[in-house]
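Got a structure for you, written out below as structure tokens; questions coming shortly.
By letter and in written order, the chains are A, B, C, D, E and F; residue numbering begins at 1 in each of them.
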């Protein structure tokens, strides 16, 4: 089966800033994204657990966006600007898809 | 530590069609799969949020299946047939494992 | 945008053993991890669904840890010792990051 | 009470106000949400409570022949309304065959929350109704889906292969065993079997809490409807939106005429009309994703949730109660 | 009441019928589910309500010496039953040492839902019971786990290294601080401290809602048990399934004999027998995954949830109530 | 009642004991947890119940001029306390400008659970209070956030660019439309509109269940506070921890003095003092993550949840009730 190389941008970001990331993605030329729940984690800001919180502050979610390798930089840069100020990380990896026009 | 190359097939599919995907995987020669919840997303069908739905229609889940590179085509093809008709995407990427016989 | 190569270690482990994995990661020199919920799956121990359980036994979670390629072995080995005895799998893949010192 | 007084009392009920709260919050983009699992719990609770109470009421009143007639009438309404809806949609809008059939299916089926809101409106007016109406609600959930499938098959005789390996049988099984239908029917049967005695034991749960739980559920419905309006309305044509407003009235009129023959009480008539006028947004959308995946959810969900549900909840119900008064 | 009448009344109670609804839905592959977090909430509620009420009852009746005797008897039963269970399993089935020990641990420990169902059955028969029985339930949760660990160590003296770095101490801490044990014991203590006054304030929550919440919980148990049957039964041998049916009876007989010495009321005796006969499916499975990870969950979960729980809920409880009548 | 008797009665109330249970469980590293969605449901329920009841009370008593005065006083307290808190933090601790401003914002805003616990303490003492205090609670949620932003701007005039594209307007909108504020205000208005009649319909839900639900919520707060203590306290200096203990007293004194002019009843005065003394941990932390992301959540969350909340719940509330007795 013929596949096409794309990039998978994975962002872990604190919940209160999620809308900013999604709004930014909406403004950028990406065809979509998927948001995953996160139930616990540890980073420079220490460890946390969703079940042990009353506020959304400190809780994380994860956004995954598959896009064309040519577009990666134009997507990552504005997102990185948001993430750098908040609690969160960005990773980028390769992936293949079947319908290249979809991404 | 010695590792072995495998393929990671990641499917985002609308909840009502999940059972069809899993049934297909059960019929195929994969050793297992993992289903992740999804809380929000955007695609060609517009954006959605799990917290803002009363029906399972329009809600997504994500299925990840790790399998042998030799088997990828025979797994992806029937799954793609299901996904192509529904709301959803498929991505494939490389990964390494420690117990090659497990996948 | 300049990126740096890291490794992404993904562990699927049964919920009751999660604390052991996290404690091990805390002892190892990793800068953080992210824990994702899992809602269903199939493996050698058969298939399961979170909604169809009353006990945490048999339920899975997924831990993702991004770390330096040089550290992979020292991280995977102790984790593998735990996972090998329990229900669970480990996969390793490449990814890129923007802030290399963060991982 | 005049239709106007009815409407006013309805609009100022806590139920409708909580719906309005949710709607406004969603339209204003507040981050107020009801977690997914809580919304599912509220829906389960609703089915359980309304089913159990209906069953217990039937256990008390006994089953008579009229019950059978009303059940059959309900199924007929559910199966026939989609035909009218489909024809109207094809005439007045540019929806494709599949989209029109999918939308039509929603209007043949029913909305249990609209039903419950109508029962509460009746209760607050001191009007009683036959317990078995809840069984009628249960049997009206699915026939409309079958009609929609037949409509598509007729228009596109080759579409059969789409069900692929799963086949029509598997599809019907999936649809018939839908969780909300099972919960409603099961609770109804348990209520029937355990009767007064059972009802007494669960009464604080299914009766006392009921109103508060519905308020919460309607808050959630408001949030969902508001989001649907924000996202979905722009993709709908005016003719489609108009359909979401006049179709419930057509369905109500059909039920209204049928009710002259059914011999239901005032409350029962009002509920029967409400069932006909209400549109599904739980069972049918899920079934459509399996049976007619090409149909666009943004169309049928927005129409049912963002247009018809708010209309029925606010203006429809008082109108249907008033209409019922013309029958009995 | 004859044993037969008891059984019939029990089978037609809403609780058992909701369990049957869940079971049928799961066996028919309906998509009816109770979200995970709701099931956890129902379990927490159950522990809180039953614990609080037990504690308040003890605050009223006062603590006497008998309480201490009954607590010790409960612990002894929990610690000893696994020995019998283990021997029977090794004799009659092909289960490995580890699997047999893990299964045996479940039968020494208790099922709080079975206990609650028995209290409801007693209440509906107008039979009272000692409030401290709930404390007995709490202390019976864990001794069985220790017995199972000792059984495995005796059979495989080298298995100690398996606890690795965590050590036995850490393991016992993890097991003893299991959430359900903490919730049950904590609520019991709060009930004891705040007594009548506290109970009055929370009564609508812990008393009035109780029956409805249990019905929902049993619906979930039915769904879980049904899925367990569908997936797990095929992997069990007939001799193992038989064990799931006769072992509760053996445990019941042991408790029955002990009860002649304990001087409990009729209701208290019935509950003591029920506790002995019930098998754990929350605390022990989680502990087994940590302490004996080689034991297969498909075996012990299926036996406890898919065989013994349905048996106890339907036929066991009336039998144990009847048995209790032979003691007092 | 002496302050000591008040404190003792408060410490032995089920609410405080459930909080203690959660705290101990978390400190002992038990795996007891309340699922995230249940905690959110409990919070929503709380807002709905307290809001509705407050609104219905105002509908009964009518709106008078005093209401306006008290609302303005509440806003003023909320806006001014952060100034004092900020000055004290900068003087006594090494917190940065941003961290100090963020912490100060929490103490100007309010904790609805502390408020509810105080109402329950009053009820158990047979003391009544003005229904509109809940509206005061709602208006006190956000002014403190604005003060904190102004403090940071003054200290770092260049920091404006940080709001970047979103701008201050968008920020205020996000903060003002926070879910908990919307739920509280909305329910209050619905209570006011539907009055006695509405309250009667939802009373079993919002009144009878209330106490039990609060116990569960406080169990969760205990779990959260315990985890906060375990993880966060070590990163706090002694001077910061001390701030978490004396700041509520300073706020209480300010409210105390203001109350001589407000003419509230005994209960109303106690609640006003409690509101001033309480510190936010839902609305403000979320707002801080958006408005001042450089501020460390480990500082403000630990202080508010791990220090001030437990203090207010156990010792603060009886003290504030006693203080109120000195005013009226």
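In the analysis below, a residue touches a chain if its C-beta (ideal position, glycine included) is under 8 Å from a C-beta of that chain, and two chains touch if they have at least 3 such contacts.
If you're wondering where the values come from, they're calculated on a predicted model, not measured in any experiment.
Asker: Please give the intersection of the contact partners of chain D with those of chain F.
Answerer: E
Asker: Can you name the chain that lies farthest from chain D, using the mean of each chain's Cα atoms as its centre?
Answerer: Using the mean of the C-alpha atoms as each chain's centre, the farthest one from chain D is C.
Asker: Taking CA centroids for every chain, report which one is farthest away from chain E.
Answerer: It is A.
Asker: I'd like to verify one number: the distance from the centre of chain A to the centre of chain E, where each centre is the average of its C-alpha atoms, in whole angstrom.
Answerer: So the centre of chain A lies 45 Å away from the centre of chain E.
Asker: What whole-number Å value describes the gap between the mean CA coordinates of chain E and chain F?
Answerer: 41
Asker: Can you list the residues of chain B that touch 2 or more other chains?
Answerer: 19, 36-37, 39, 93-94
Asker: If I count partner chains per residue in chain D, which residues reach a count of at least 2?
Answerer: 31, 33-38, 174, 204, 208-209
Asker: Touching pairs of chains, all of them, please.
Answerer: So the chains that touch one another pair up as A-B, A-C, A-F, B-C, B-D, C-E, D-E, D-F, E-F.
Asker: In their complex, what parts of chain C are in touch with chain E?
Answerer: Per the touch definition, chain C meets chain E at residues 14, 16-17, 19-20, 39, 45-47, 49-58, 81, 85-87.
Asker: Under the definition above, what is the set of chain E residues touching chain F in their complex?
Answerer: Counting only chain E, the residues touching chain F are 35-38, 40-41, 44-45, 48, 52, 173-174, 177-179, 182-183, 186-187, 189-190, 193-194, 198, 201-202, 204-206, 208-209.
Asker: Enumerate the contact residues on chain B facing chain A in the complex.
Answerer: 10, 12, 36-44, 60, 62, 72-73, 76-77, 80, 89-94
Asker: Can you list the residues on chain D that touch chain B in the complex?
Answerer: So the residues of chain D touching chain B come out as 26, 33-36, 39, 43, 162, 164, 166, 174, 220-221, 223-224, 227, 231-232, 235, 281-283, 285-286, 288-290, 293-294, 296-298, 301, 305.
Asker: Could you list, by residue number, the parts of chain F that touch chain E in their complex?
Answerer: Where chain F meets chain E, its residues are 12-14, 17-18, 21, 24-25, 28-38, 124, 204, 208-209, 211-213, 215-216.
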